[in-house]
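Chain nomenclature is as follows: A, B and C, assigned in order of appearance, with residue numbering initiated at 1 for each chain independently.
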Amino acid sequence: MGSLFNQYTRRKLTDVLVRSACVAAAVVALVPLVSVLYYVTVRGIGGINLDFFTELPKPVGEAGGGMANAIVGTLKLVFLACVFGIPPGVLAGVYLAEFGHARFGKMVRFSADVMSGVPSITVGIFVYALVVLSTKQFSALAGGIALAILMLPTVTRTTEELLKLVPESLREAALGLGLPKWRATLRVMLRTAAPGIATGVMLAVARVAGETAPLLFTAFNNRFWSSGLNEPTASLPVNIYTYAVSPYEEWHRQAWAAALVLLLMVLLLNVSARLLVRSRVGAR
Amino acid sequence: MATSHDVSLVRGRSRILTRFGREVNWGDFVFRRTTALIAAFVIAALVAMAVAMVRASSESIATFGLGFVFSSVWDPVRDVYGALPFIFGTIASSLLALVFAVPISLGVAIFLSELAPTWLRGPVGFLVELLAAVPSVVYGLWGIFALAPWLRDTVEPLLAQVFGFLPLFQGAQHGFGMLAGGIILAIMITPTISSVSREVLRAVPSALREGALGLGATPWESVRVAVLPYARSGLVGATILGLGRALGETMAITMVIGNRAEISTSLFAPSYTMASVIANEFTEATGKLYLSALAEVGLLLFVVTVLLNVVARLLVWRVGRLPEGGRL
Amino acid sequence: MNPRPMSSKPTTKKASREGSASGEEASKARWDEVSVSTLVPKMRTEGLRAYFGQAEVLKGITLPIAEKQVTAVIGPSGCGKSTFVRCLNRMHEVVPGARATGQVLLDTQDIYHSEVDPVRVRRRVGMVFQKPNPFPTMSIRDNVLAGLRLNGERPDDPDAVVEKMLHRVALWDEVKDILGRAGTGLSGGQQQRLCIARSLALEPEVLLMDEPCSALDPIATARVEELIHELRKAYTIVIVTHNMQQAARVANFTAFFYLGKLIEHDRTDVIFTRPKEQRTEDYITGRFG
């Protein structure tokens, strides 16, 4: 009787220990998050002022200046990424959902999955070879294309999966009303799936907005304003990198400020995407 | 039986359409072909990427052959290149990241899917996913000004004091180096491994868990005995996905690993990864062989991550498809 | 509906093929003089066979559908009644691997002719489904107009169309103040009537109803049945039902299907009181199914 009791307590003890270990793991995992958020907020606030948003960078060594061009540059690059990445991604996703059961569809799906695992710097090399070498310059266009390639697999799979979730009864209703198949798909099925797709796209945009590596040799960098799409373009992530590894205090300060702005942008996109999901579910 | 067809029911279905497909009207025909074309573009992009990388590396492959992978000489001045230090740096830092990340991610995954009270799962899960939302370069910035100094001033001296007899913990302590790289990679791949693991654990039929609990097992025992074995291949797949991400990570690790092309046994020593050398030297590279060598490093990285990705997905997919027990 | 003694006319299944003039006459005729032999068909099938892949689900159906009458299709599960009705507006082939052979005539045209566009068929032959399926992203008003708008048509007075259709399905008073609310915010019965309104907005000639009340509560069912009774004056209706009492309540003609074959087709009162086939009698007396 005594040994049974001991065995039971031992098992109970193991259970409690393992549970605590799991809780500890969760805490440990979140410590860096808290630390990063803390540092970025505290150190970044100091560098945020009007100049940061309106001034161009000053020459090396001089105090002051801002990152207006980098902020605009990031917006420009993200916009281009959306233009090049979202329409093809959605259409490819529609194809996969409607016609993708055969072998060709499997190949497309496989390619999209593989592409989502490719290191972003490799995409940078690819776009460099494709665009920068042929146009003989770094450009926002090249940067936008690189970011679009990074977005494409995610948008495709999200669209496919969400379209498949729309009940077939809606398609039947649309066909029963005398709509041709393509109209039923686009104007009923896609429209119903649109909020969910929008969420997925926003998350993809958030990820892409913070990317640095593919921009290093496509959009490169620029101390001044870049007009149009065919000039090297400054961006927040590249600036953070350049300033962070430099030896200048002033630049470190601005790097933190830029990190704060970038983080806020990314978090805003993330949170709104999730709120979009929640509001849709709530309305049902 | 003679039937006339009133024009109202017939749209001029041209003979061209009848030849090409089952579609009865132009709209459907165009729709299917257009979307198929765009979907083909996805395949084309991947193939083009592979081809471009091979072509860019061709000169280096031709010049150095297999020796590229085994040589430690990286000398832009003499135009001799060998990628061994970077391969070592990449693999070592990623494996180190796995050592930290796998137990933690598994713990988080088990916590979230099996042990945590329901009200806690949402917020904690959200926070873990937030780890993935932070851009790599922001981690790098934090790594330079928060992590590295902390390692240099607190952790590394402590490790050297306690474990200094091991070659792992010897040498100068800068804060920047393999240890910093491993830690920061671990932070970045934790959300990947834990979220895939959560999905895998969720795919385990609850009948298995309940069966074990019904036999009087403690919650942990039911996980250990019923859930984990079933989910094992999926969890391995999740780990490999994390490994793939770690290998391809560029900015954060470039900023903390020290960027010195040396192979060392110490965790404190600086190192250099494949992604970092490309990031640092690509735009500075003069000379075709130099660029080609860097491109070959990129090609190696590309091939390895793609292979790992495929293997990982097969493993994860297998768990989702196993037909035993409950519905899927 | 009290059964009336039927005149001793031979009941062949041949139907007359007059044009609309005598069709009007037929519908004005006294009910007790109408039989399957004299009904004016709006649609008729000739040797209709339907397949899912290799499996033959309908084995040669030849059946006239009376104009401006309600025809019920009854039978045990799996007898092919839903498949039959879905062939009438070419919805059957929407399922991958499904096909149909034979003829289905709408007035005098075979809708299965190779040059016929199924999309156009469905404008003239509308359909209401078992589970109400209003479009969730659209308001009540937009749902009614959906059939027109999604096809690119712009009615001159959309509000008039909406009001007229909602009146026709007896829904106007209930929803006239909440037209902007989402279509899915209504009760099941209201949603189904909304779907009927949506189909009617296209002014079809035939309305197919695939078990329209099986997802509804008894009160909602009664209201839809009232509606069918009203709609009969203007539309030809085919209703699939697994509820024999419902067939007896709403239908003028009833067709009994069993294992993919048409067993008997006659006036409803005849089917339920003096069926000619043994299997029909077995089914309606509840011996199987």
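Here, a residue touches a chain if its C-beta (ideal position, glycine included) is under 8 Å from a C-beta of that chain, and two chains touch if they have at least 3 such contacts.
What you see is a predicted model; the values in this text were computed from it and never measured.
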Two chains sharing the most contacts, counting C-beta pairs only: A-B
Chain ID, smallest distance between chain and overall C-alpha centroids: A
Greatest separation from chain A - chain, by CA centre: C
For chain B paired with chain C, centre-to-centre distance based on mean C-alpha positions, whole Å: 56
Between chain A and chain C, centroid-to-centroid distance (C-alpha), Å: 51
Centre-to-centre distance between chain B and chain A (centres being mean Cα positions), rounded to whole Å: 15
Contacts with 2+ other chains: residues of chain C: 119-120
Residues of chain B engaged with two or more neighbouring chains: 25
Interface hub residues of chain A, defined as touching at least two other chains: 180, 183
Complex contacts: residues of chain C adjacent to chain A: 89, 91, 94, 119-120, 122-123, 126-129, 131, 133-137, 146-147, 150-151, 182, 184, 195, 198-199, 202
Residues of chain A that touch chain C when the two form their complex: 167, 169-170, 172-180, 183, 187-188, 191-192, 194, 283-284
Interface residues, chain A side, partner chain B - complex: 11-12, 14-15, 18-19, 21-26, 28-30, 32-33, 35-36, 39-40, 43, 88, 91-92, 94-96, 98-100, 104-105, 107-108, 111-115, 117-123, 125-126, 128-130, 149, 152-153, 156, 180-183, 185-186, 206-207, 209-213, 216-217, 220, 237, 240-241, 244-245, 252, 255-256, 259, 262-263, 266-267, 270, 274
Touching residues on chain B, where the partner in the complex is chain A: 25, 27-28, 30-32, 34-36, 38-43, 45-46, 48-49, 52-53, 55-56, 103-108, 110-112, 115, 124, 126-128, 130-131, 133-142, 144-146, 187, 190, 194, 218-221, 241, 244-245, 247-251, 255, 275, 278-279, 282-283, 295, 298, 301-302, 305-306, 308-310, 313
